[in-house]
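The two complexes that follow have subunit A in common; it is paired with subunit B in the first and with subunit C in the second.
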Partner chain A sequence: MEKLYKFLKYTFIILWTVFIVAPFLWAISTSFKDFQSVNSKVTYIPWLDFEPTLEGWRVLVKSPARGGVDIVEPYFNSLFVTCTASLISIVLGTLAAYALSRFTFKAGFVRNNDITFFFISQRIMPPIVLSIPFFIFLSTIGLLDSLIGLVVVYIVLLMPIAVWIMVDFFNRVPKELDETALIDGCNPYQAFYKVVLPNSIPGLIVAGMFCIIFGWIDFFFAFILTFTEVQLLPVKVVALNSSITPWWSLSASALISVAPLIIVAFVVERYLSKGNLSGALK
Partner chain B sequence: MAKIELSNISHTYNPNDTNPTYALNPFSMTWENGKRYAILGPSGCGKTTMLNIVSGLVKPSKGKILFDENDVTDLITEERNIAQVFQFPVIYNTMTVYDNLAFPLRCRNFTDQKIEDRVKSVSDTLRLSSFLNSPARKLTADQKQLISLGRGLVREDVAGVLMDEPLTVIDPDLKFRLRRNLKEINEQYKTTLVYVTHDQNEAMTFADNIIVMDQGEIVQVGLPKDLFEKPRTTFVGYFIGSPAMNLFNSEILSNNSIKFNNDTIKTKTDLSKIKDKNVKLGIRSEFIKIATDQKENIVSVKVTRVEDFGNFKLITGKAGDLEIKSKIEREIPISMEELKLHLPAEKCCIYSNEMLVN
Partner chain C sequence: MNLIGENITYKPDDQFHLNDVSFNFKKGNLYTILGRTLSGKTTFLKTIAGLLNPDSGNLSFEDNDFIKIPVWERNVAMVYQQFINYPHLNVYENIIFPLKQRKTSEDQIKKDVEEALKTVGLVGFENRKIQELSGGQQQRVALARSLAKKAKILLLDEPLVNLDYKLREQLREEFKRIFTQGLSEDTILIYSTTDPQEVMELNGEVIVLDEGKVLQKGPAKEIFENPRNLKVAEISNDPPMNILKGTKSSEKLNFENILIKSPSHFKNLSDQSYNFGIRASEIKLDSQGEEFEIELAEISGSETLLHLKKGESKVIALIEEVMNFKIHEKVKIKFNENKLYAFDQNEKLVSSPYGVSHG
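So, the complex of A and B:
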C-alpha cells in the first residue's frame, strides 16, 4: 500500500514537473534556433537537431538602428515601475489595512467593510473602464508617457491587492497582541511596527508577491499610457512580432521576462513553505 | 504599585443609542495597594470590561480612575504603567523568550543590567530559565502563558497586575503551583494583583477579597467566608458554593420565624421591618445536619437521592414541594426514607426581594 502510494506520488510529481518545465525547455531550445530550424521541420536538441545561434538573443540588445529591438531599457523601466509601485502600494496598503482592521470608521452609511470593498472594487472593474479616465488624468497633470505617471497608475492597481490581503491578515492577528504591546509600554505606532508588523511578515510577503506579479505582467495600461518616450517590457515584447514571427527572439524575451518572477518565487518559497511564518498566534 | 480607585465608573458599548445597554452599571471601588483581589462572575457580566477600563484599553463612559490619588482616566494604556494578562497566551512570535520578557522593560528604557536581573528573577520564579534563548513560538501553550504572566510581573514599579482568567490553558497541577507562586510574588513585592475568574475555587484560594459581579453589577465584595456564609443576594448564594445554596420560597410568620412547608423555622434575623410577607429562606447544605436532640428548626424530609462524593455524601430530600440538599459525613448510614434535618437558626439567611435582610 505504502509502495503504491509512493509510486503514485512520484509519478504525479514527475508528470507535473514535465508539464511545468517542458514549455521552458522548448523556449530555451527555440531561442537558439534560426529561421530554418523553426520553419523547416520539428527540431529539439541543439547541435544534434540544429545548429544553435545567438541571433535570437542578440536582437534583444542591439539598438534599432542596427536592426535590433533594444529591450534593455524597457526591462529596467519595468523593473523600476513594478518595484516602486509595489513598494508604495505595500506601505500604504498595509497602513490602510491596519486601520481598517483595528478601528471603526463611520461616514453616513459607510462602514469599514464598505471601505474595504471600495478598494477591492478597483480590481473588480474591467480595466478598460479605467483607461479613458487614467488617460485624461495623466495628460492633465502632464505625466502621460512617463515613468512617474505609470507608477501612479500602478499604485492604483496594486494597492487594492495589498489592502485586501493585509486586512484579512490583520483580522487574523488577535487584537490582544496590540493591546499587550500597549500594556507593555509601546505607543500605538510602536505597537504597530515593533510587534504587529514583525508578526505579519508572511502576509507582507504574499501581498508583495502578488503586487510584483500583477505589476510586472500588466500590458494593458503600459500599452495605453505610453508612446515613444517610455516603454515597458510587455509592450516591447509584443512589438517584437512582425510579418515574420521571430520565434527565436520571442522565446528569448519570454525567458528573460519571466526570470525575475522565478527568482522571486524561489526567494519567497522558503518563507511560505515554513510553518513558522504561517502567522498563528496560539 | 499603587492604590487603584474606581470612582462612579460606568460603561456602555453603544453610547449613541437612545437606550444604551450598560456593560457596567455605576459603581465605586478601591483596590488597596499590595492586596489580592478576585473578580468572580458568570461569562458576560462585565469582568473583562472592568479590567480593560483599569488598564486603559477601554475608556469608561462615565467616572474616574485614580492611581494613588492621581487621575489617570484620560491617560492612554502606555502611560498608566499597568500589566494585564489575557485569557489566552499572547506572545511576540518573532522574539526569543528572553526578548519577550525583556520587552516591557526595554519599552521603558531600563538599563541592560537591570533588564537582565529582572528577567532572570522572573524566569526563575516561573521556571522558564532553561528556555530563555529559544524562540517563543516553539513553546507549548502553557509555557507561552507563563511568558505572558512573566511580562506582567517583570516590572516592579507596575501599578497593578490585572489577570483575565490567566490559568485557563494551564494544567491543574501547574495551576495550583502558579497560584501559590502568584501569592508569594504578591507577598514579596507587594504587587496589587487582580484576578478575573469564573471558578470560585480559584477565587477563594487566591484572593484576600472577592468581588462578585452579575450583569454589569457588583453584587458583593467581601472575604471568602462572608460570601459563603452571608451571601448578600440570592445570586451570590446560588453562584458561590457547590452545591448552590438551598433557597426556598417562604412566608413570614412572626418577627423571628418563617414558614417552611408545614413547619416553622426560627431565625436570628429581625423580620419586623419587612413589608412584603413573601421572602426566601437561604441556607447552605453544609450547615444542614441530621437532627439529634434539637427541639427547634426540625424539618422532616423524604430522601430522594444520596450521592457519594468520596469525602462527603450529598442527600437530596423533599419536604412537600421543596427540595432540600444537605452535605453530611460519608460514614453516616442513610436509608431512603423519612429523615429529620436540623436547620440552625444562626445560619438561616432571609432574602426579601432577592436581597439579604440584616
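So, the complex of A and C:
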C-alpha cells in the first residue's frame, strides 16, 4: 500500500513536471532555430537535429531600422511600471488595510466592511468596463500614452489586491499585539512600523507577489492606453507576430518575459520553505 | 500619590462594561480583580492602561489626570491572558523592547534584563525565538518584559488562564514569590482572575466585579468569610457556594423538606424565609445524613465533586478523596450547619459563620 502510494505520487509528480517543463524546453529550443529548422521536419536537439542560431535573440535587441524589433525599451518600461505601481499599491494598500482592520469608520451608512468592499469591487467588473473611463480620464489629464499614466492606472488595478490581502492578514494579527506595543511606549505610528509591520512580512510578500504578477502580465490596458510613445512588453511581444510567424523570436521574447516572474517565484519559494510564512503569529 | 478612580463608567454599546467603578489603589500593594468572564475585568485593566477611555468618571495617578495621558506615556505594564510577545524578536529583544523605547542606558538595560530573566527563571533562553517556547515560557517572557520595565503600575489580566493545570499551579506559586519579593514599594500591582483560589493565595485586596459593577471590596479573607451577597458568594467560591431556599423556625432550619438544627450563629435571625448558603467542602458523606441522588460525579486531582439532587434541591459536594460513584446512586450527606450562611430575600448577607455581618 505504502509502495503503491509512493509510486503513484512520484508518477504524478513526474508527469506534472513534464507538463510544466515541456513548453519551456520547446520554447528554449525553438528560440535557437531559424526559418529553415522551424519549417522543415520536427526537431528538438541542437547541433544533431538542427544548426542553432542566435538570430531569434538578436532580433529582439536590434533597432527596427536595422530589421529588428527592439524589445529592450518596452521591457524596461514594463519593469518600471510594474515595480512602481506595485510598490505604491503595497504601501498605500497596507496603510489602508491597517486602518480598516484596526479603526472604526462611520460615514452615513458606510462602515469598514463597505469601504473594504469598495476596494475589492474595483476588481469585480470585467476590465473592459473600465477601459473607456480610464481612456477618457487619462486623455483629460494628458497622461495618455505615458509611463506615469500607466502607473496611475495600474495602481487602481493593483491596490485592491493589496488591500484585500492585507486586511485579511491584519485581521488575523491579534489586536493585543498593537496594544502591547502601545503599553510598551510606542505611539501608534511606532506600534505600526516597529511591531505590526515586521510581523506582517509574509502578508506583504504574498501581496507583493500578486501585484507584480498582475501588473506584469497585463496586456489589455497596456494595449488600450498606449500608442507610439510608450510601449509595454506584452503589447510588443504580441506585435511581433506577422504574416509569417517568427517562432524563434517569439520564443525568445516569451522566455525573457517570464524570467522576472520565475525569479519572483524562486524568491518566494525560498521564503516559503524556510517556514517563515506561517506560525509567526497565532 | 495613589491611583484613584472615581465613578468610572464605560458603556460602548447597550451593555455596561464598567458601571460606576471607584477605587483607591496604594503603592506597594497587590490588588486582585475577581469576576467571571465578561464581568469587565479586562475593560477595567485596559482603562487603567489607557487603551480605553471611559465615557465618564475620573482617573488620576500621582495627582495627574491620567485620562489625558496617552497609553505610551503612562508607564504601565500589562500581561495578557493570551501570551502576547513580539514574534519577530527573540526573548532578549522582547524584554529590552520597552526599555529601548524609553531610551534607557545600555548598562541599565543589561542589568534590568538579567534581573528580570532571573526572576522568571528564563536565564539561558535569551536567544530563543518566541515560537520555540512553550505557553508557560512565553508567559514568563511577557512577565519578564513587564518586570524589567519597572512600571509603576503592573497589570496582569488572567495571566494563568490559558495554561494547563500543572503549569498554572507552578506559576501561581512563583507569581506569589515574585510579587512578595521582586516588586518595589513603588509599584501598584493589579491582577485579574476568575479563579477564587488564586485570589485567596495571592492574598491581596480584592475587588469583586460583576457586569461592570463593584460588588464588594476588601481583603481576600474578608471576601471569603463574609461575601456581601449571593452573587459574591457565588463568584468567590469554586465550585460556587450552594444556595438552598429555606425557612428558619425557632431552632430548626427547613430547606425544602430537609430539616437541620439551627446553628448558634443564627440565633439572632428572625423566623422567616432565607437563602441559605453552604460551601461544597462543608458537605460531608455521613451515614446519619440525608439521602441524595448522584447526578454527576467528577474526579479532579485528589478530590471528587458530587452533583447531588433531592427533589428540587440540588447541591454540589466536594469530597476530599478520590471515590468512585455510579450515576443515580444514592448517598447520604450531612451539612456542616456551623458553616451555614444566611442571605435575606434581597440576597444580602445577614449572618455568617465568621460573625461579622453586613446589616
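The criterion applied here is as follows: the second predicted complex is superposed on the first by the 276 of 282 C-alpha atoms of A that agree within 3 Å, B and C clash if a C-alpha of one lies under 4 Å from a C-alpha of the other, contacts with A are read in each partner's own complex, and residues count from 1 in each chain.
As a working rule, a residue touches a chain if its C-beta (ideal position, glycine included) is under 8 Å from a C-beta of that chain, and two chains touch if they have at least 3 such contacts.
Remember, it's a predicted structure, so these values are computed and weren't measured experimentally.
**Student:** When the two structures are overlaid on chain A, which partner does A:3 contact: first (subunit B), second (subunit C), both, or neither?
**Tutor:** So A:3 meets neither subunit B nor subunit C here.
**Student:** Which partner chains sit in contact with A:183 here, subunit B, subunit C, both or neither? Use first/second/both/neither.
**Tutor:** both
**Student:** Which of the two partners, first being subunit B and second being subunit C, lies in contact with A:199: first, second, both, or neither?
**Tutor:** A:199 contacts both subunit B and subunit C.
**Student:** Regarding the shared-chain residue A:270, is it in contact with subunit B (first), subunit C (second), both, or neither?
**Tutor:** A:270 sits against neither subunit B nor subunit C.
**Student:** Could you list which residues of subunit A make contact with subunit B in one structure and with subunit C in the other?
**Tutor:** 174, 176-177, 179-180, 182-187, 190, 195, 198-199, 281-282
**Student:** Enumerate the contact residues on subunit A facing subunit C in the complex.
**Tutor:** Residue positions touching the partner: 174, 176-177, 179-187, 190, 195, 198-199, 279-282.
**Student:** In their complex, what parts of subunit C are in touch with subunit A?
**Tutor:** My answer: residues 46, 49-51, 70-74, 76-78, 80, 82, 84-88, 97-98, 101-102, 131, 145, 149.
**Student:** Which of the residues in subunit A come into contact with subunit B in the complex?
**Tutor:** On the subunit A side, the touching residues are 174, 176-177, 179-180, 182-188, 190, 195, 198-199, 201, 276, 281-282.
**Student:** Across the complex, what residues on subunit B touch subunit A?
**Tutor:** Touch residues, subunit B against subunit A: 55-57, 76-78, 81-84, 86, 88-94, 103-104, 107-108, 135, 137, 141, 148, 151.
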